[in-house]
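Structures incoming, each one as structure tokens.
In the two assemblies presented below, chain A is common to both, partnered first by chain B and then by chain C.
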Partner chain A sequence: MAVFEVFPTVFFLTLLSLRTYQSEVLAERLPLTPVSLKVSTNSAHQSLHLQWTVQNLPYHQELKMVFQIQISRIETSNVIWVGNYSTTVKWNQVLHWSWESELPLECATHFVRIKSTVVDARFPEPNFWSNWSSWVEVNVQDSLGQDILFVFPKDKLVEEGANVTICYVSRNIQNNVSCYWEGKQIYGEQLDPHVSVFHLSSVPFIRKTGADMYCEVSQGNVSKGIKGIVLFVSKVLEEPKDFSCETQDFKTLHCTWDPGVDTALGWSKQPSQSYTLFESFSGENKLCTHKNWCNWQITQDSQETYNFTLIAENYLRKRSVNILFNLTHRVYPMNPFSVDFENVNATNAKMTWKVHSMKKDFTYLCQIELYGEGKMMQYNVSIKVNGEYYLSELEPATEYMAQVRCADASHFWKWSEWSGQNFTTLEAAPSEAPDVWRNVNSEPGSHIVTLFWKPLSKLHANGKILFYNVVVENLDKPSRSELHSIPASAKSTKLTLNRHSYQVWVTANNSVGASPASIIVISADPENQEVEEERIAGTEGGFSLSWKPQPGDVVGYVVDWCDHPKYTLCDLQWKNVGPNATSTVISTDTFRPGVRYNFRIYGLSTKRIACLLAKKTGYSQELAPSDNPHVLVDKLTSHSFTLSWKYYSTESQPGFIQGYHVYLKSKARQCHPRFEKAVLSDGSECCKYKIDNPEEKALIVDNLKPKSFYEFFVTPFTSAGEGPNATFTKVTTPDEHSTMLIYILLPMFFCVLLIMIVCYLKSQWIKETCYPDIPDPYKSSILSLIKFKEKPHLTIMNVSDCIPDAIEVVSKPEGTKLQFRKSLTETELTRPNYVYLLPTEKNYSGPGPFICFENLTYNQAASDSGSCGHVPVPVNNPPSQLGLMISPENVQKALEKNYMNSLGEISAGETSLNYVSQLASPMSGDKDSLPTNPVEPPHCSEYKRQMAVPLCLVSPPPTENSSLSSITLLNPGEHYR
Partner chain B sequence: MKVLAAGVVPLLLVLHWRHGAGSPLPITPVNATCAIRHPCHNNLMNQIRSQLAQLNGSANALFILYYTAQGEPFPNNLDKLCGPNVTDFPPFHANGTEKARLVELYRIVVYLGTALGNITRDQKILNPSALSLHSKLNATTDILRGLLSNVLCRLCSKYHVAHVDVTYGPDTSGKDVFQKKKLGCQLLGKYKQVIGMLAQAF
Partner chain C sequence: MNWRQGQGHGADLRLPLPARLCLLTLLSPPLSSAAPISPAEPISQAYSLALYMQKNTSTLLQTYLRYQGSPFSDPGFSAPELQLSSLPPATAFFKTWHALDDGERLRLAQGAFLALTQHLQLVGDDQSDLNPGSPILLAQLRAARLRAQGLLGNMATIMTALGLPIPPEEDTLGLVAFGASAFERKCRGYVVTREYGHWTDRAVRDLALLKAKYPA
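Here is the complex of A and B:
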């Protein structure tokens, strides 16, 4: 029975296993060939989309299969890609697979075929491939249209650095096609007669609106059309940087990051990259609306740990960053608030503030910063909700700024922002005595004391100084102290004190009280003025001063100086030095180059009496002299001259004058002794003499040549150099002889002048002595001449022998006489009036026994006229006689012949003599006829010419024919008037 | 329909849309009367001249602004890419009667209005940051709209013309980006050329 019970079960199992075996065998043997292969295209993505089914797949059976796909281009034999695609295939399933072509599909015909094999583990036997499906042709070109040219791909989006293949399809192979990438022609390879391909490697990002490529088709030189594409090149999407999340209230997590470059493109080809937050523990995600921050709501109080992934994404790429953190470790507290100060006094204050409540038992660590007087103090304090802190050791009357920030005391993550407030401490009495110094000017019977003080520093003033009190106490004579209250704005005050010792207290006062007093004693004795001034050299850093210590006890030393020594208000400065110091350095920004600073060093005795110890003077930097001396040239001789500039002030110069340079230019090439050759800035040569003594302000320049031209220039010099350039002064030495002439002529001039004065004073005597009005013929020198000629028959006619026949009445006024003297030619001839004393004979021709004188004494007008009208010449006068007498030539000849020596003596008088002499002549009888027979005056040369030869008028050598019986010759000295 | 639906920006185009771009369209039924809502201004012709002068004065600047905003290769290949080779542009005969010239001006303004509308739309997408170009395009479109109104008023009031067959500017909505840029440049080049001629003709 048991056998029969078991049998049906065994049978059933056997039958089942048999059926399974049958089906496996069926599957193994049946060819699982891909069928119904269809290929579609996506031009925008340049992809082929394949779909197929598997034939003979058992019903409701899944098999793991591998499909091998072959893709050919242009022709089936040109296989460009072979690949496997593994998948589990169900019965009656339509399979899909895509392939992206680097070449735009429009550029070439593609062919696809597929075969398959089963790789299921249930079939351990060696697999065999099915047969290839038939080739499926994909030809997109046919659907392009009728345009003559096409360029592909259209509006493709790629990432920067990608390789791009571009092609054009030209319908007419006769056309010439030129292609340009961003304006530059590019050359491709021909895929077939209609298609050319261009490979662009690593395309760069050019602009958001895309990079252009266009191709121009032309026939010959005629353009048939242009087609182009825009390639949108996107920047590479960057990984977000500095991604972090934190909370301020345990309700919201605020996540931030640096997004990097924006990959958005124009034409909406690609928007800006998007950011998504994904939290792995909760499995939630959130698309962020901002590109650099996102808020995440904390919904579960229990979740303390968060694992965030930030995903940046654009059309081409996806990037992500991840952070894992505990929420309590990412607390960024909100700012403290209600910051205030309580119980503020001069040195203390209490600071209070509040914080936002967080979780229970949350402890804040707060940091306080106190700013004041240029310093910063920092304090830390832990608080729960309300904070407070006592600020101590504050400065009086000082404005402070205190600020506070807080952080999680348990797990420090980040400080909150600062919250701050200002406060000012109260005033206190000044803490230090003012620094006081004095300047004493002694006057007869008094001291003029000027007190100076420096304003207290803010640190010591402890408030606003309102006034200074100056108390003066006479130490020699008991008296009431004087109190002077000086406004705070003043920095000095002047006191007039008797010649007593005084003690002066100076205090600074603010609203709270007075400072300690600064004490200074004014000695009755005048300041020691016998201290010699010492020169010091300053540097850019200042002046280094040293002095001998004052004997006895000193409480310190004071160095004072003026910042502006040239001004009346010289801005006195001083520096206090300790009692053990014997040197100090005075350095201040106010020192200027070229300014002489005078320093006085005082020792302060224990009695606060200042004693002058030393005087120093110097320049922080010496400069070259600013001006040259005004040089005077003195003692100019033909061989030397002296230069002097005694008024040149050496004290007011921008440096210590060390001496002078005297430049001398001359035509001589050799320099004078003591001079040396020098070249001036303009390149010219000259001679230079150096004077090393600044007080030597004169120079004798000698060994010069007479009548020579020299130029000189004197300039002082300091350690910094010479004075400014200036023009040379010109000097010409005088002639040597001219000096001598001066020596001779001057005495002569004075001698002549003396003689003239004497002559003037003794003129009457001289006149009477030398040329009386009526000359005495017997005293005439002609007598000696006559004797010399040994003419015994010629005698001098006596005056008594002359019978006057006429008297000339002179009626001319004195003025006429003067006028005559002025000009002989201008004066009209005035005929003299004659009174005839004897009867006249008209035709008298013989020689008369008389002599008639006529000169200026008798007739002024006659001599003026130059006419001889009153001396008529008889008509019958023998010409020979006349010619002899009147011809000046004859007279001259005669003179020359007989009295050459005499002529030589009187030559000087010829030029200016004007006189008419009367001549004893037979013709004198003619005068008789003048009144009665006024004849026209003959040529009057016979008398006039005498005027020119009057001085030694000599008778011509008498000839035998001459009827002239006698000639009167006048001594020239007697006829001058 | 696809072509027309995308490129219609000016109100005129919307109002007058019937059959399709590029084909002459009747504005009003043949037997419609010429009716104007508002009375026409007295110095219409002066206003037309003034508007033409205004457009002429800004046309070159608009052209330059446009091709500069497109980037290379446009600025350096104006002859090739921006030549005024617009095939279906309405003709204009300067020696015609005023009525004929006004009718032709009407057609041109309608054409340019639609073309500029398409260009403006395209550039706002392609060059969202080229604000000055957008502003200039909008201003030009506004003036064209006013000019169209004045021309219509003149035709209606003086010549009782109530029907003008018009053509519209090419629709670029289906074209690729390069084609849009190129077509826009060509249209603006043509606009610059034509508007000068029109300003002189009136």
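Here is the complex of A and C:
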């Protein structure tokens, strides 16, 4: 109690003394002022380092003080930073404080001053600030040297995203300075005439070797030099991820983590971040040599709990993560070993393995995985050191793979890695009868039975099938059964059996034994072939088949078909269907579009006899016909024709033929009555006729126009469409009259032929009638007369020398003597109205006597006619005839003298023209002077039509241009003047 | 032949500098037997080596610049104003150069290539620090240094053959090299690789002149 009373008294006295002291100090004002302020610089860190002392501190006293520091830049009045620094000050202590400038110190002069105050609890308010110390100037620029340009800060290390201030100091303000950041010009603010400052905000990481900033000094256009800096921008150090530790043997802890980005930089500016492990319970730490894992030695067995801190560190930043764990909860066991199998048989095996020993009473939980036949089974088992497990219900003759892994059973942390081994179970007898089917071909007196079977599945074969046994037993006639052993590679066998009933057993055999038998009974009766085939439509999924149930008991149904119906080895397939089913779907990948599949459905009686119930046929997908029929054109008339394609096979097409399309093109716009208009794929229009019956393979196209051009095209169609496009066949209908013409021409031809035959037969008569033989003048009676007159020079005119179309007309008009020589063409002869005169120049040089000729051949006839006074003129002086120079008087005399026949004389007074015309004259040597008109034999009848033409009507010879009808009357005197 | 000699020198690069210089001296032809040797053969050998070096100087400079970033890697970069006080410039007035006697000419070249070998070593160190992942550049720098050393050896032989005194080897770099900033080091490397080219060009001319004077 006394103590408590004394204490306040002491306290009061102490306080009083302090107050007295304080008042003394404060009264002096100056004693606690900071003195001896010195400022040093660290250019690399851009920091000012201050050191000072406080005067007049009581000896061995400690005082809490606050120092206020002011920093100015360029000039003292430009205060850029003010801050307080609190610390406990001892007597005679030198105080240190640092300040980091964002601006490189070389860029500007800095000024620093400081003042202080006491904030010690022993000195309650009021507090007084000391006076400011004097300004201390910090000028680094002076020590730079004499270079023309400086850029700061040099080789600064910053973190990505930091703000950086860069400056340059140019010695000569006349120089032009351009600065570039990573090759791109940047513009700063001028701090003073020599210094410019650039603020780079949030600098990115560019490369490990740093980002470049340089300035180029130039005077005018002359480059004076370049100066630059490299700014080292580091990536931000990341916190390590997924940090964890575990042990496999209770001796070593293995710690791992994901380090994140590497923050190393070039020029050794910053190495990769370091990692340190610190364990707080033991107080130990370890510098890790790898960047993502570290091993920690467990030294004390007693320590169960660990508290690890992983510290990642680089020059700029430190990051740490922490984990706390119990060692026994972090056991990651080593792999099991010596995995083996014992007592392996067809369905069981014993698996054994070993694990590494850990601590005492350490229990493992092991997991076994068994892979086989595409399945996986999993089992768990707890063990101590040696593990074993009985694998049962295995498949015979199967390769298995078993693997095992283990974990701490009491505190599960992690499974070990797997350790595994393969083993194969032994074989067993096949467990199921093979699936057998047959095909029966009945031949006279025997059945050819082909047995087919499907290989047993691996599940049922229980090993490798070595052979099949086929046992055939005659049911009708007791005899020994036949055994056929077929190698395993065969899938069928052929048996030739008599027309008896047979029972066939088929078994599959492996090295252990035989499978149950598959039984089939072959009936003695031939298969019922009278079942009608029904068409069905398939789908992409397959064929849906249904049938009427077989009367009586059945054990099932079988549907069979060929996978390749077009081939000889058609690959018979079958499907077993249960006894209660009356429908099934056959689906297989082998069905192809456009292939017709034939299905047979059998019912299996209880006696295992198969009875054909139904036949189905169809396409999984119908296609358009692959080819078009070859069409023949028949019965072509002017109004119709018939198209026929009777040899076109509808069965071998990739779809059920539903009918035919007949396309007809003609010039007529309108289609025929039964046709309809259609547009072809090429856009052209035509007419189309549809035949709905696939067996109707002919079409009569009628109502056509004669002598017209038609084109047709016949194509079959299925449900999938028409046949391929092909060219149209061209047909031209014949002319309507041409047939009539034939009807007329043909009889005419026969008539002419008949006439010709008759003519031939009656040729003698016709000849005699139309052109009798010309009498031979040598045989004529006139010769005797001539001979009689003794005219040795007189010759008979030869017919071949005769000019048939020339006459000489001799005229003797009174008082004048003119000679004309006339020529008449054959035409003129036939047209007596026109007589052409052909004068010959030589002969008309002077007047001459007329000569009158007479064809003696026609003498008789001419005299008979009496129409013209023909005077027979004997040609007694042929040379003189050439010149025709005989005087008319002589001629007249000669005529009177020589021709003494009884012919009537015609006096010159009765007619002015007297001529005798005939074919020949003996002027063979004077042909040149004759007209060149064609010489033709005169018509037999024309001779009689010769007549005299009066001289006054004689026309001149025709010129090419003159008309035949013109008649020119010439006065001979005038003409030949 | 000379190239192999250069490689022989290169094998001793890990040794401290004095030891290397000693070895270099040992490998050089003995000074005592200078008189009977004809200068034509070593001149020819040195000339061949200089020609060979000349083919690769441009590649070295371009490779160096490519790895330094802007502005060095910028197309057409050239900064002739950048010089190193420790490296004598190769450029000289033609008249002055032509008026040099053989001894002076060889002494200048020998001094330059001695400085170049030391500077190339420095640049190689700098670059293995800055660009450790660029073996092509480091290999080219190393090759250039070995060739410069080889040429030095050849020149010493010529000088011996001509009866000229071989100047003593000295450390041209001094103490200044280590405080340089990254940018300064890049600049330094640029000047060294550039001057290596210029001095090689000059050495070809020097040796051509000598070759004409001392025909085989």
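Annotations for the structure displayed:
Everything below uses one rule, namely that the second predicted complex is superposed on the first by the 707 of 977 C-alpha atoms of A that agree within 3 Å, B and C clash if a C-alpha of one lies under 4 Å from a C-alpha of the other, contacts with A are read in each partner's own complex, and residues count from 1 in each chain.
Methods note: a contact is a pair of C-beta atoms (placed from the backbone, for glycine too) under 8 Å apart; a residue touches a chain by one contact, two chains touch by 3 or more.
Keep in mind the model is a prediction, meaning the values are calculated, not measured.
Overlap between chain B and chain C is detected when the two structures are superposed via chain A.
In the superposition on chain A, contact of A:226 is made with both chain B and chain C. Contacts of A:488 after superposition on the shared chain: neither chain B nor chain C is touched. Residue contacts after overlaying the shared chain place A:381 against neither chain B nor chain C.
In the overlay built on the shared chain, the residue A:119 is in contact with neither chain B nor chain C. In the overlay built on the shared chain, the residue A:154 is in contact with chain B and with chain C.
Residue overlap on chain A between its contacts with chain B in one complex and with chain C in the other: 154-155, 180, 182-183, 207, 209-210, 212, 214, 216, 223, 226-230, 266-268. Within the complex, the chain C residues that touch chain A are 69-71, 74, 79, 81-82, 129-132, 181-183, 185-187. Per the touch definition, chain A reaches chain B in the complex via residues 154-155, 180, 182-183, 206-210, 212, 214, 216, 223, 226-230, 266-268.
Taken together, the chain B residues at the contact with chain A in this complex read 69-74, 76-77, 80-81, 125-129, 176-179, 181-182. Remark: chain A residues 151, 154-155, 180, 182-183, 207, 209-212, 214, 216, 223-230, 232, 266-269 touch chain C in the complex.
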